[in-house]
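Heads up, the next two complexes both have subunit A, just with different partners, subunit B and then subunit C.
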Partner chain A sequence: MALPPVEQIKAQIEAGVPGASVTVILNGSPSAQHSLLLDPAHARAVAELLRDHSEWRLDYCTLVTGVDWPDTETSEKVKVRKFVKAADGTESEQEVDEVRKTKVPGYLEAVYHLFSMEKKHGQVVLRLRTGNRTDDTHVPSLTPVWRGAEFQEREAFDLYGIVFDGHPDLRRILMWDGFKDYPMRKDYVPPADEIPVIEVHS
Partner chain B sequence: MRDALLDRPVYEPEEGEIMEVSMGPHHPSTHGVFRMDVKLEGERVMKLKPVFGYLHRNHEKIAEHGAYLAAIPYTDRLDYLCSMTNNWGYVLAVEKLAGLQVPERAEYLRVIVAELTRFQNHAGLIGFLLQDMGASGTPLMYAFREREKILDLFESLSGARMMCNYMRFGGLRVDATKEWLDEVRALIALLPGFVDEFEALLRANEILMARTQGTGVLPRELAINASVTGPMLRASGVNYDIRKVDHYGVYDRFSFKVPLGEHGDVYDRYMMRLLEMRETVKILEQALKDIPEGPVMDPKVRLRGLRPKAGEAYGRIESPKGELGFFLISDGTGNPYRYRVRPPCMINLTILEDMCLGHNIADVVIILGSVDIVLGEVDR
Partner chain C sequence: MADELKELKIELSKNGIFTTTLEELYNWGRKNSVWPLTFGLACCAIEMIATTMARYDLARFGAEVFRPSPRQADLIIVSGTVTKKMAPQVVRLYNQMPEPKYVIAMGACAISGGPFRDGYNVLKGIDRYIPVDVHIPGCPPRPEALIHAFMTLQKKIDEQALAGSARPRHLNKDLPSEFPVPAFGEHGLEPPQNNEVFHEAAGNPLKVIQ
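Our next item is the complex of A and B:
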């Protein structure tokens, strides 16, 4: 039995978890693997619903990954009236072109791919987004729902800096403990070649 | 019941002192640069934390900096024993992302090389088990004798023994000759006899049974919840093989069985590999019988200048270690915006501690061996 389309899954989640808001994110590639954006406050409850739903039984969380979406700048040309000084010193009001820039704040994203081992169907893609890339990088951990997410959430924390609230053991996993930066971010600059000083840890 | 699984088991010592041992990263039984921080009470394991990352080179970042084509040789180096299946996982994800078609002959050749890879991986693993248990040398050389023959075939097909770099999205790099296919036919006629040889070692060896039966039991519910895949999952009795579930490639045309275990212990996990080797021979026989003539590469596919439409795709295959998946996000340019590997070896290590608690330190070695890790893939 195949899963219902994402819109139906969204409707059933919103009916099953009071207060949850789910947004469908369409995927433009031929794969057509659409995803569901969850709000962080209800993410744990939604995950438990998906896992325990009698028809879906999404008991298998295969892939957890971080994605970095940096701040973007959009610029548009607008016409404004301005006083312009001519070469002979006289000022006159003229219409000139000006480029106006707006900054769109970026965010980090945790993506979860779910399948069902019992019903042998899939996939459902969940997304969680942080507030920004600097000080509000928290999302709820789904490791208490699927233990298979444990190492992969640690990896997203290690390489992207996403902090998973409620993770039982959130430490760096591939980089060493004293490492400071997040290497998979798009604006990461690798340090100049030097021998790293590795702190001895237990 | 399910929530009880999430609480980590705690082994309470009766009395005595606790000793910390750092096994690895240069321990000969860790199959690479892998470390386990073990807390022992006498010989009993009370706590075990896997530590890895010694081979980390940020494979994903390297692939995000290059074109789609440029990532294929890097995937060879993930699980360096199974480069053919790594290629397949990646090209499958790109084909899903860009909506590419693969010629039929290429699909058959992919099955043939992937199943040969599975055979040599499992043969090597059983050799390593016996090595880990103290049967020094001879069984491992038996395993490597067959592995050599398969690697020779890979060399004459692709030019390289281990880093094959053979598959392309939309097909394969080179076609196989008729002589090559005849050589494969001649080889697989010998393989069942070789499996019998190993089965006699596993089934009739009293020492091996005493050490592996009942050791490192992985319960079914925990295996599912912890995303364990591959022969490890099936040894715990879960019928989940992506070749049967997704029918990727042309796997729906072959008849083969999915072996399942009953106890989920180390013995079952090794028997799974042995039984899978027999099924692999069956698939190979059918694929070699049915392989059609024709091209192996879709001429319309632009290998160098591939620019998929913005979007994302997740493609997965059943690699010898478990579910190998690739997750790609395209932003419409010539290189992937996000490239992510789902490493089966790393995720199968999640439950290493649960399997080892309460066992002797010597058993940790064979339990780790039964997980079948390759550090090139764990660390990436």
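Our next item is the complex of A and C:
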């Protein structure tokens, strides 16, 4: 039996887990890999529901990965009335175009791909988002639900700095313990003395 | 050896008289029994293994005995990508080898980081920490290229003078035989290179001065 559409899964999750809010993130590309954004407070309960639901039985987590969404800046043109000084020194009120920039704070995202070995169907994509990229980088760990997520959550912690609350053994897995950076983040800069010198023919 | 002596030697050998020097004999013995370390890092190691097997047969050059301990080896073939996490171990293995010892940097990664040069985890060339005798480009180099590197090394050993100011490192006790092992720092390896060994402007083919 194939899985129902994501909207139905969302509705059933919200009915099954009281208080949970699930957002469907649609993927417009031909692959149509839609995903479900979970709220951190209920993520663990939702994950258990997905795993234990008699029709879904999503018992196999194939992939955990991180995504870095950096801070972005949007600019819009706004018309503002202002006093403008002309060349001859007289001031007059005019309508002027002004560019207003607003900063949209970024966040880190943990992505889980789920399949069912028992029902031979899949996949369901879950997303968990952190509050921001600096001090609130916590999401609940889903390792207690899918044991196979352990090393992959450690990898996301190592390379993106996502802290998985409830993970049994959250240490760096690829880089050494004293390493301070998160090399897969978009704003990572390697040490200056290592940057290759690019050959320029003039 | 002076040119006249060489000519005399050739002339004598034409008449059935064989002459040699201690230096020649010593280097002839050394170059034909190089014992490499059993040490592979990445896909280049597969080519290195192929080189030792029957088809390419590195044994023809007296180097079939790959030793499992650095204490018994005198050649380390750095065959593949050296990650920053592996670099201290490579330097430590090199330090544990007795003199005289030689290094072949096999493939683009061992030379400069190769296709992974921009990666956060890759050392940009093993020559940052240990002195490399022969570099072989290629990704990976074919067994013939490794054999060529090996023959180049043999030539290099053959030309080493046993006395005088140009004598090799193992006969000059003022020169070091061990090199500092890099440490894991907060942002990368510390130090990023050993300046005693790594001559960026002269030795690094990727550094271009306009």
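As a working rule, the second predicted complex is superposed on the first by the 193 of 202 C-alpha atoms of A that agree within 3 Å, B and C clash if a C-alpha of one lies under 4 Å from a C-alpha of the other, contacts with A are read in each partner's own complex, and residues count from 1 in each chain.
Note that in this section contacts are C-beta pairs under 8 Å (C-beta built on N, C-alpha and C of every residue); 3 or more make two chains touch, one makes a residue touch a chain.
Bear in mind the structure is a predicted one, so any value in this text is a computation, not a measurement.
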First (subunit B), second (subunit C), both or neither: which does A:123 touch? first
Looking only at subunit A, is it subunit B or subunit C that touches more of its residues? B
Between subunit B (first) and subunit C (second), which does A:176 come into contact with in this model arrangement: first, second, both, or neither? both
Under the stated touch criterion, which partner chain does A:166 make contact with: subunit B (first), subunit C (second), both, or neither? neither
Contact-wise, after the overlay, does A:191 reach subunit B, subunit C, both or neither (first, second, both, neither)? second
Mind sorting out which residues of subunit A both subunit B and subunit C touch, each in its own complex? 174-176, 183, 202
Residues of subunit A touching subunit B in their complex? 27-31, 33, 59-63, 65, 67, 111, 113, 117, 120, 123, 125, 144, 146-152, 159, 168, 173-176, 183-184, 202
Residue numbers on subunit B that touch subunit A, as the complex places them: 5-6, 8, 37, 52-53, 56, 58, 60-61, 96-99, 222, 224-229, 238, 240, 245, 308-314, 316, 323, 325, 327, 329-330, 338, 340, 342, 346-347, 349-351, 379-380
Subunit C residues within the subunit A interface of the complex: 85, 113, 117-118, 120-121, 124, 184-188, 192-193, 206-208, 210
For subunit A, which residues are in contact with subunit C within the complex? 174-176, 178-181, 183, 188, 190-191, 193-194, 196-197, 199-200, 202
